[in-house]
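Below: a set of structures, written as structure tokens.
Next come two complexes built around chain A: one with chain B, the other with chain C.
Then we have the complex of A and B:
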């Protein structure tokens, strides 16, 4: 469901390989995200370019992953959001919670 | 132009996507013909997805009906099942009394009793919050529906639960 596409010193870039990210994927996604945080001890940058829809369960899993990361003094960053996902995040104000960038390069300039 | 259709969902999580796509495929040409924006279709998509989620998590039945009605001024989406009632109706005793359904650092979600068998949901945003991610809610379904809808109510008429979502159509 999530695959590492790049490992940097400060972060792991991960592709989310879903188009419809919903209840049927949320538990597995949360487990994989938390396991990756524990294993790599680095921030996770989620490349969301293939995801065209997220529901509340998947967003809840993303928030749970973020809480875990913050507890480790790391972060979960969102890259390449499609407009519908961006609109969903804005609707429930999660755009104020997650760091969101259009590209990995933009994130590097902002964070690194 | 008006149209009504009932879609039956089998409450299986693996079929959420298929059912949602079927409903949206029905709605999209109707809303386009009605001159509605893509933003309204997107709100309907969020709502349908969350109603199906709610069915999987809470209905406790083998099927849920999603009834879609496109009127002249309002798009109405009803989620109908005969599962256990949502206890909000009995929890709030007096008409017009309010109860906080959920809260976190950014939102307060309320239910207000409309009559003996109905509640309506509304939400207040905390605009001056200090972000503490540990105080963020992870259960967001009712919040999403409330914020995406123009009106969101729950009605219990034994043995039937009806969640009703209304979206105002632009002229």
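Then we have the complex of A and C:
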């Protein structure tokens, strides 16, 4: 469901290979994300380019991953969000807790 | 309503047989995905959730038993009905598969129509069992008389309050509504949505409701009845409650002053409310600043007053109403819902008529959906 596409010193870039991210994926996604955070002890940058819909269960799993990361003084960063999802995150103020960037380069510039 | 075809995953290393099988299942109305190895099937299952799996037993590298074991190790996949296709009637294979909870075995020589009939029977039996279990839980819930939405609507001079609520697939979920009569003067209107669906979310609605009811009553008795302070108190408790770790909820909280008719509002990760002003005949968005309950120790909640003029309407709703299913997938579209609402009001339709329309479309909903309507009469 999530695949590492790049490992950097400061972060791991991960592709989320789903188009519709929903209840049936949320538990597995959450455990994979948390396992990766624990294993790598680095921030996770989620490449969301393929995801066109996120339901509230999956959103809950993303936020649970973020809470876990914050507890470790790490982060979960969202990259390449499709417009509908970006709009929805802004509506419910999740853009105030997730760092959101259009591209990996933009994230590198902002975070570095 | 469109009929959704059943999805089946066919796994076989023989491409000809796989093709034949897929063609027959397609013809029988199934939506098929074929994989020519256990590894290929597992890769597909990473992102998909078929209704049934039909797998060959004898395959090079990863045989059917190993494939089945991998499926069983995955909590998300382990309950998908699974059938083995065997090349011959080998009792040994049947016995070795007994601990793997394969629901049935089919010999490959069996005519394809019979294989399809077996899969159909299996899916029918599984669905029947699921329906019975759900009915049993629903009856238990009904007997306990616990509800996440109120039975009575409060009556307030100058305001008409109403709501509509629909569970996703008729299974109680994470939406909750409450009208809390804190004292003779103040009424609190609550609309919440636990992130998630079905029973798991539903279970936590009562914990959340208990905290909210307590915080409202303590707030009123402490004379700090600001909606923002109440949300912050609830947030703090939930953030530190180990039992609610990772269970987050949005809440819209509105305080109605019966004496002045004043409405005050604070939101926690909720969708912006929509205010219809009769004077301008336009809907305007009311945004709040607060984060989902339980997310961070400080939720940044702020209170704002909402001034309703006679003829104005206020709509408070959960995300189920902004999610739409299209032929090419699902989509969240808040502006589309706002536009639908604007059109509805422009057509001079009442909230009762809106409820009726929503009810008629409820089969297409992709999540629990709730909407509260407040109408200023005088």
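FYI, the second predicted complex is superposed on the first by the 112 of 112 C-alpha atoms of A that agree within 3 Å, B and C clash if a C-alpha of one lies under 4 Å from a C-alpha of the other, contacts with A are read in each partner's own complex, and residues count from 1 in each chain.
Methods note: contacts are C-beta pairs under 8 Å (C-beta built on N, C-alpha and C of every residue); 3 or more make two chains touch, one makes a residue touch a chain.
Quantities reported herein were computed from a predicted structural model and do not represent experimental measurements.
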Quiz item: Looking at the overlay on chain A, is there a clash between chain B and chain C, or do the two fit?
Solution: clash
Quiz item: First (chain B), second (chain C), both or neither: which does A:1 touch?
Solution: second
Practice problem: Once the structures are superposed on A, label A:49 by its partner contacts, choosing first (chain B), second (chain C), both or neither. | Solution: neither
Quiz item: Is A:102 touching the first partner chain B, the second partner chain C, both, or neither of them?
Solution: neither
Practice problem: In the overlay, answer first, second, both or neither for which of chain B and chain C A:38 touches. | Solution: neither
Quiz item: A:57 contacts which: chain B (first), chain C (second), both, neither?
Solution: both
Quiz item: More residues of chain A in touch with chain C or with chain B?
Solution: C
Practice problem: Considering only the touch criterion stated at the top, classify A:17 as touching first (chain B), second (chain C), both, or neither. | Solution: second
Exercise. Look at A:67 in the shared chain and tell me whether it touches chain B only, chain C only, both, or neither; answer first, second, both or neither.
Key: both
Quiz item: Just chain B (first), just chain C (second), both, or neither: which does A:87 touch?
Solution: both
Quiz item: So which bits of chain A does chain B touch that chain C touches too?
Solution: 20, 22-24, 53, 55-57, 59-60, 63-64, 67, 70, 84, 87-88, 91-93, 96-97
Quiz item: Can you list the chain A residues touching chain B in their complex?
Solution: 20, 22-24, 53, 55-57, 59-61, 63-64, 66-67, 70-71, 84, 87-88, 91-93, 96-97
Self-check item: List of chain A residues in touch with chain C within their complex
Solution: 1, 17-20, 22-28, 30, 52-57, 59-60, 63-64, 67, 70, 84-85, 87-88, 91-94, 96-97
Quiz prompt | Residue ranges of chain B in contact with chain A within the complex | solution = 13-14, 16-17, 20, 39, 42, 45-46, 49-50, 53, 56-57, 106-107, 125, 131, 133-134, 136-141, 143-144, 147-148
Quiz item: Given the complex with chain A, which residues does chain C contribute to the contact?
Solution: 46-47, 49, 74-76, 174, 193, 195-198, 201, 246-248, 250, 269-272, 289-292, 295-296, 300, 319, 322-323, 329-334, 366-367
